[in-house]
Amino acid sequence: MSANDAVVSARGISKTFGKAGVTALQDIELDVGQGEFISLIGPSGCGKSTLLRVIGDLVEPSSGDILVNGKTARRARLDRDYGMVFQAAVLYDWRTVAKNIALPLELMGFDRSMRAARVRELMHLVELEGFDKHYPWQLSGGMQQRVAIARALSFSPALLLMDEPFGALDEMTRERMNLELLRIWSEIGSTVIFVTHSISEAVFLSTRVVVMSARPGRITSIVPIDLPHPRTFETREDPRFFELVTEVREALHASGADAVEPDA
Amino acid sequence: MSTVAQPLVERRGAQRVRTWVPALAVFGIGLAAWQWLLPALGIERYLLPPLSDVLQAFWDNRSELLRGGWITFKEAAGGFVLGCSVAFVLALVLARWRPLGSALMPYMIAANAVPIVAFAPITNAWFGTLSPWSKIVIAALLCFFPVLVNTLRGLTSVRPESLELMRSYAAPQRVVYRRVRIPNSLPFVFSALKIASVLAMIGAVVGDYFGGSTEALGVQIVSAVSLAQYETAWAAILVASLLGIAFYAVVALAERLVLSWHPSIRAGVE
Amino acid sequence: MRSRIGSAAVRAATLLLVLAGLWALWEGYRKLWESTGWTRPFPVNATTLPHLHDIVGALFDPIREGEPLLARYMIDAALFTAKEAAVGFAIGATVGFLLGALIARFGVLQRGVMPYVVASQTIPILALAPIVVVGLGSVSIAGWTPKDWMRVSVIAAYLTFFPVTVNTVRGLRSADPAAVELMQSYAAREWSVFWKLRVPAAMPYLFSAFKVAATASVVGAVIGELPSSIQDGLGGWIINFNQYYALEPENLWAVNLVAAALGISFFLVVVLVEKLVVHRPPERLV
């Protein structure tokens, strides 16, 4: 696809931190098309979270260009083109679930009735109806993440950036949330860039898996996932699923071996 | 190896200077303003005499002021020791019998809101206006509730996992206290002791406002004010402040020594 | 709903038990010391330790023949002192919050000003009370001299100001960095971040300071009244009854009771407002 069609287009993105010169990212080239579900996976220190933050204009790259929705990352952020979900739900303890979801809408100046309507839609979407007056600490981890997702989607962004959102959940809740996320994604049709540590999660969710290596952070390979949609619990037992998991695992090991250097 | 250590030390030194320079600058400006700006603005001698006058008054009355300071300090220290020790013991008892402790906690917090200094005339009636005990009791009462509440909080806000570990060792209660609860409570205790040190000093000085030995600092302040000798009053207050700061500093130093392992001390936080 | 009524009943029962327990301790101590004649720490008699019922009874005695009950005067005095404390608290809290917000926002102020804000907590402000209250009596700003009670409010304001400033700074800075990052991702204006994130995050700290300050304002108001011969407040009555202690000890105790009630009510008001405003997971003691 040409750079013009891509939702995210990164060219030569590099990032070094601090005087010690830690190279978090080196020469990242990536195109993400409309409606794709991209996972970034790699060992600790491979820069996947940093890359996500560069896309979100929360971190400035040391060099390189990035276009989000055809604009600079900064413009995209100011235009609120993307929603973000972290590993910690980062909900406000002092706001009810409904008010937490409405937060971005408040900031963007939507009036009360519009906000109320949108919140109702979203709570239906993430299947949390009835919990609008609850406070975050009254909800389980999985429910809190659903609130965080609803909040990120509240202003219907074209792009969703997710940084290990299910990392703190147990495996069963995680698998359920994966299905939830795919359902929401198919209903909304946005583009998702998803950072994860889990190979099976990456394969299950994505249209393409981007494998990264550490020291320095680079993209070593991109594995297209040709599993059919809609994906279900059965997909995880499909032989093709295991093949793809193995493929990703081998790509990770290959990049991991490259990254190991003898001590200086 | 050495090339890594050195820049760190240098950076710390430079950082320290950078942190203190603004404060020193403000201090210097403040002193200068006190000495020259305030009289120039026509602020009455009543409110804030020029620093030189206050220092002069201090020098002129130094023996009475220092003697008064010592007396007041002894009263404050006595009250501090009395109030804090009773509070510790009671906190240990209440922690041991949890239902009693939880039930009484709101009352102890509320009791802290009572203006104890208003009680001074009564302690004067008990022990005699001139007796140091009337002020010691006031200081002790002021220290008592903050230390009690905070110590109890510290003894009981232990992570459940630590207690479970102790249960798995079949450790008796006194071991649990020695190894888990009391160490856990120390940051809370010292935080309360710092507050108490200030309160004890204030209690000893202000208790004298209701009457006390003519040598006591508080009495000197009030009589100086009644004679419109504001420079002397400020000098006495200066002595009281310095004693209060010194008392606080001693407790803070003790905290630093005892809690050297605690993250807030290691990070160099106030 | 049932559990709320249930817990309210439990709390009422605890209150009665505590009061009964205090009464028992008081009268028990009296009985024991009177019968044994011990003089340590102090001799116990009707003057040094009146019966509790005598103290409470004193409130419902007329102050002089044909005059209203003592309680009436006490309530007026308490309200007068309360006014001084409340005005002082309001001013101190507002100024403290504003200064705290500025310090939190501008790092340079932190290094230059904060050490003094913290150190000043060790200055015995109450010791300054005589000077401030008497001294301000001779100050006139554009021909207006502050009334007696306003000068006392200054003390209360001063005592409120410092804890509120320190805790405002701590509280505004306590916002989760991830939450701040999220705000950035919303391209939120700094004003929005302040009011929608930092201020709510600061609320527990603020109320912690308010609780300390509410108590301190009452103490400051009472002490402030002493040297300035203000008759209308509780401080004035304390001095009054101190003089006549030997004759009618119950009165001084009664004033203390009223002063204690005033301090506790201020505190409870803050606790109540906190319950309404702050929604946080409850504290758990193990």
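Per-chain residue numbering starts at 1, and chain names A, B and C are given in the order in which the chains are listed.
In this section, contacts are C-beta pairs under 8 Å (C-beta built on N, C-alpha and C of every residue); 3 or more make two chains touch, one makes a residue touch a chain.
As the structure is a computational prediction, the values presented were derived from the model and not from experiment.
**Q** Is the way these chains touch best called a line, a ring, a star, complete, or other?
**A** Here the contact pattern is a line, an open path with two ends.
**Q** Out of B-C and A-C, which chain pair has the most contact pairs?
**A** When the contacts at B-C and A-C are counted, B-C has more.
**Q** What is the distance, in whole Å, between the centres of subunit A and subunit C, each centre taken as the mean of its C-alpha atoms?
**A** The mean C-alpha positions of subunit A and subunit C differ by 51 Å.
**Q** Please tell me the distance, in whole Å, between the geometric centres of subunit B and subunit C computed from their C-alpha atoms.
**A** 18
**Q** Counting only residues that touch at least two other chains, what does the list for subunit B look like?
**A** If we look for residues of subunit B contacting two or more partner chains, we find none.
**Q** Where on subunit B does subunit C make contact in their complex?
**A** 18-19, 21-23, 25-27, 30, 44, 46-47, 98, 101-105, 107, 109-119, 121-122, 124-127, 133, 153, 156-160, 163, 198, 201-202, 205-206, 209-211, 218, 221-222, 225-226, 230, 233-234, 237, 240-241, 244-245, 248, 270
**Q** Spell out the residues on subunit C that touch subunit B in their complex, using ranges where they run on.
**A** Residues in contact with subunit B: 14, 18, 41-42, 47-48, 108, 111-113, 115-116, 118-119, 121-124, 126-132, 134-136, 138-139, 211, 214-215, 218-219, 222-223, 226-227, 234-235, 238-239, 241-242, 245, 249, 252-253, 255-256, 259-260, 262-264, 266-268, 285-286.
**Q** Which of the residues in subunit A end up touching subunit C in this complex?
**A** 56, 58, 77-80, 82-84, 86, 88, 90, 92-95, 103-104, 106-108, 135, 137
**Q** Sort out for me which residues of subunit C touch subunit A in the complex.
**A** Counting only subunit C, the residues touching subunit A are 176, 178-179, 181-188, 192, 196-197, 200-201, 203, 278-281.
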